[in-house]
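Below: a set of structures, written as structure tokens.
Same chain, two partners: chain A is paired with chain B first, then with chain C.
Moving on, here comes the complex of A and B:
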């Protein structure tokens, strides 16, 4: 496999060609945010920044049909109905272009849950196997970025099929997988030649920009030490307005809801991204709620990512460090600060007793 | 279960039993006869029932694997899905995803005395185990059932209860919260809260297992009573309920720390529950 070069001007043409065969999801402006949308021929993708929405859309759509149902009335007995159900497994092949390494790497968090020994989710696996990721290496490190704290870096190609490295005039396209390599078999690409050296320099330069990585080793135990300290969680969640921006924008949040939508006698069962910061998420029919306050819910969200998931999956943190939850939080909740607060927690000194002084 | 764990099997209701004013029991058979013949489960496992257009909810399979004429689910009417299920009649279709979750350790319980402590709809998950034990009666020691409900009319499985009361290889004690006309003529009929009656029955913890299910407040005081009677934490079994969507460990709402009630439960030993974070 050999690195290639594509000029900025040719990028749109390449996506036009790819969209003949695949669903191509590429970053587009939608009002004031950049989000992944099916590529429209001739439209230039927005590749110079991190999209606000996560690339999981390509494999785990915000709304996904699981099955269709249809009620049939018995013409001889209108009181009697039967139901026909048909599963709707995904068929398309897709290419997600323009995700950042953090967002693409987020799919590995899904993989361990949706495609493992215990369970194989056919919707997820169907899309995952038929979706390629063309990722753009980062050249701008933002204050909310912390991919290096969770074991990644701005040119990490994990889970990518092609890594595009920005160089003068375009991108050096580095194939990561055979299928990614096949995407570069196109007249829009030229051999990268000496530009490969430039790409290596770009990668190195951006890596060097990162501050020292924070060490999350042992953070799970520290978080669990605080589990019953509700005052700690109340303090951390005091600002939270339970809006769910952090969950919907997270590349690794994989929780979902299932709902039915009917029109007349037909309908579909849908899977949609869900938000664990909502009161309704765990509300039971009896009225009992095991996570009744935002303190309980934030505790579960942070612990899921930094304690429970690592415990179940060989230490892997369920956070890709993209910083979307920090950047898009309307009240500036910072998950990094919460984990650090648990890591560095020291009990407040007890007030001095008595009046003896 | 289907290869697609999200896809329900279609099933037909063969009988509906009105248990109490708000609990109805559905006896169903899978439409695909070969899948019905091949269906196997263990006492305590659950299923998701689908009312298409309304959604799914989780219920224990409260029939016993020793009696496979049908699968039985009891539904208490509390929300959208359960209200819709209550409108279904004999011959109607519904979706079934089962079996899901773990089960009671029936092999480990062999040779032991078993005390059942059930409150209200909590009788449903204990019914499957009780019927299973009675159908394998020689493998188990003394079996005691303490079943409590608010009032006599809130007591489900009347037909079973009648039969159980007459058996001489099963001790049955029923209790209701307040005195009620016609109640209390038999020593099997008591008035009082479950934990008090349990203390009164005084089951021995020697080579014994207690199995309890019911509302959280009942479980809490039943556990205290069992502890006082000398039952160790690993001699107490319970089965939990949580809001669930997928039932297969994906959707992320039934977890207590690292344990997912849908796949790691619903059956837990109290010794296991005690090690979990306090988020019931």
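Moving on, here comes the complex of A and C:
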């Protein structure tokens, strides 16, 4: 597989051609923000920044119809109804263009859960196997970025099929998988030649922009040490307003709801993104909720990513370090600071007059 | 003594009688502040006061005052923030006697979105901003080794351009000097522009905007007037009033519910729009509603602690509603 070059001007044409065969999701200006949208012929994708929303939409859409149903009443006996169910498995092939390495790498967190020995989610796997990721190496290191803390870097090609590296006048396209290589078999590309050296320099330069990586080794145990320390979680979650911006914008948050959305006698069974910051998360039918306060729920979000998930999946942290949860949090809750607080925790001296607990 | 020093002093004196005082501290970088929960005297040192202190801290009150562990809450409030407390008190949504307000005068808050747009227009990358100074009418941003200067009016939150309540009202304490009341605009420029659109274009405008709402409910949860909290009808499952589907129509439905529930209550703090991760211009709804309430009931929410909100009372013959004339 050989690296190729595509000019800025040809990028739109290439996406136009790809969209003849696939659903192409690409970052677009959506009024004042950049989100992933189905590519419209002739529209230039916005590849110079991290989109506000994560690329997971391409494989794990916010709204996914699992099946359609229709009730029929027996005209002879109106108490008797029958139901027809029609499964709606995904059929399209898709290409997600323009995610950052962090966002694309987020899909690996999904794969270990929805496509493993125990579970093979047909909807997820159907989309995942039919979706290719054309990722853009990152040149914009923000104060909220910490991909390098969680074992990645701005030019990480993990889970990508093609990595586009910005160079003068366009991109060096490095194929990562055979299927990615096939996407580059197009007249819009020329051999990369000497530009490959420039691409290597760009990668190196941006890696060097990141500060020294924080060491999360052993953070899972430290977080579990605090599991029953609700005072710790109350302090960490005090400013959280329990909205879902962090989870919905997260490339690795994979929890979902299933609801039946009926209109009269017909309806659809819908899978939608769930949000562990919400009171309804794990609210049981009895009315009991094992996570009744925002302290319990924030503990779940942080521990899921940095303790429970790594414990179940060979140490892999379920966070890709994109920083969307920090940047888009209305009150600037910083997940890095919470994990660090658990890592560096030292008990406060007991107040005079004894400990309430 | 500076406003901040006065504020710290007032909090220091009051803290022994309070369980927590909520203010702001520096956030994860030079450009952001974040709410600070002061429980011990040492925490006071972290308090800041600047145009970065955008958050309306009243949003924590309905949750906190229900907690068994917290009885007495102190809150640092700007003018707009204090109106929320007045309105919540009138609605008997908070035990006002357990709330101590530390008021300040505010000359406006920074809009990160507008500043980032300006910085980018100037040919810089927003991530290269590493310091910000507020200097009277100017905002100076250190970026790329140089300094860019902007008129504050061009990078402040839009609500600050029309603000008639820069000074906190009905507070127990007030730090610093009062700020002169000097709205720069009669009406929000975005609303003026929107109202010029014909009706069909307004509908198209909203269809285009509402498509990208992800229903994260940041708008709802930052809103100090959203008091239903865990019992909001838009997330209730039983009854299942609103679909889970985040489609244009359903998103519009939720935003309309939010707007209608704020009729005569919205104090225009603009937190909903500031919090929105996809920058939906939802203050257009709020401002339209605020103007409608003013025109119909001659009422301004949260402006007068002695007033009765129009939807909490009743007149046999409303002055501006023609109930018999059809």
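Heads up, the rule we're going with is that the second predicted complex is superposed on the first by the 350 of 357 C-alpha atoms of A that agree within 3 Å, B and C clash if a C-alpha of one lies under 4 Å from a C-alpha of the other, contacts with A are read in each partner's own complex, and residues count from 1 in each chain.
Operating definition for what follows: contacts are C-beta pairs under 8 Å (C-beta built on N, C-alpha and C of every residue); 3 or more make two chains touch, one makes a residue touch a chain.
Because the structure is predicted, anything quoted here is derived from the model rather than measured.
A.B. asks: After the alignment on chain A, I want to confirm one thing: do chain B and chain C clash, or do they fit together?
C.D. replies: Superposition check on chain A shows chain B and chain C fit without a clash.
A.B. asks: For A:257, is the partner it touches chain B (first), chain C (second), both, or none of the two (neither)?
C.D. replies: Both chain B and chain C are touched by A:257.
A.B. asks: Touching A:270, do we find chain B (first), chain C (second), both, or neither?
C.D. replies: Touch status of A:270: second partner only.
A.B. asks: Regarding the shared-chain residue A:328, is it in contact with chain B (first), chain C (second), both, or neither?
C.D. replies: Touch status of A:328: second partner only.
A.B. asks: In the overlaid three-chain picture, which partner chain does A:188 touch, first (chain B) or second (chain C), both, or neither?
C.D. replies: A:188: touches no partner chain.
A.B. asks: Could you say whether A:82 touches chain B, chain C, both of them, or neither, answering first, second, both or neither?
C.D. replies: So A:82 only meets chain B here.
A.B. asks: Could you tell me if A:311 is touching chain B, chain C, both of them or neither one (first, second, both, neither)?
C.D. replies: first
A.B. asks: Between chain B and chain C, report the minimum C-alpha distance in the superposition, expressed in whole angstrom.
C.D. replies: Checking C-alpha atoms only, chain B sits 5 Å from chain C at its nearest point.
A.B. asks: State which residues of chain A lie in both footprints, the one left by chain B and the one left by chain C.
C.D. replies: Overlap of chain B and chain C footprints on chain A: residues 257, 259, 283.
A.B. asks: Under the definition above, what is the set of chain A residues touching chain B in their complex?
C.D. replies: 66-67, 69, 71, 79-83, 85, 87, 89, 113-114, 118-119, 121-123, 224, 227-228, 254-260, 262, 267, 269, 271, 274, 276, 281-286, 288, 290-291, 296, 300, 303-304, 307-308, 311-312
A.B. asks: Under the stated contact criterion, what part of chain B meets chain A in this complex?
C.D. replies: On the chain B side, the touching residues are 3-8, 10, 52-57, 78-79, 82, 89, 91-95, 215-216, 241-243, 245-246, 248-258, 263, 277-280.
A.B. asks: Would you mind writing out the residues of chain C in touch with chain A in their complex?
C.D. replies: Per the touch definition, chain C meets chain A at residues 27-29, 31-37, 55, 59-60, 63, 113, 117, 125-127, 208-209, 211-212, 214-218, 220-222, 229-230, 235, 237, 240, 243-247, 271, 274-275, 277-279.
A.B. asks: Please give the residue numbers of chain A that touch chain C in the complex, ascending.
C.D. replies: 30-33, 35, 52-53, 62-63, 140-144, 235, 238-239, 241-245, 247-249, 257, 259, 261, 270, 272, 275, 278-280, 283, 294, 326, 328, 330-334, 336-337
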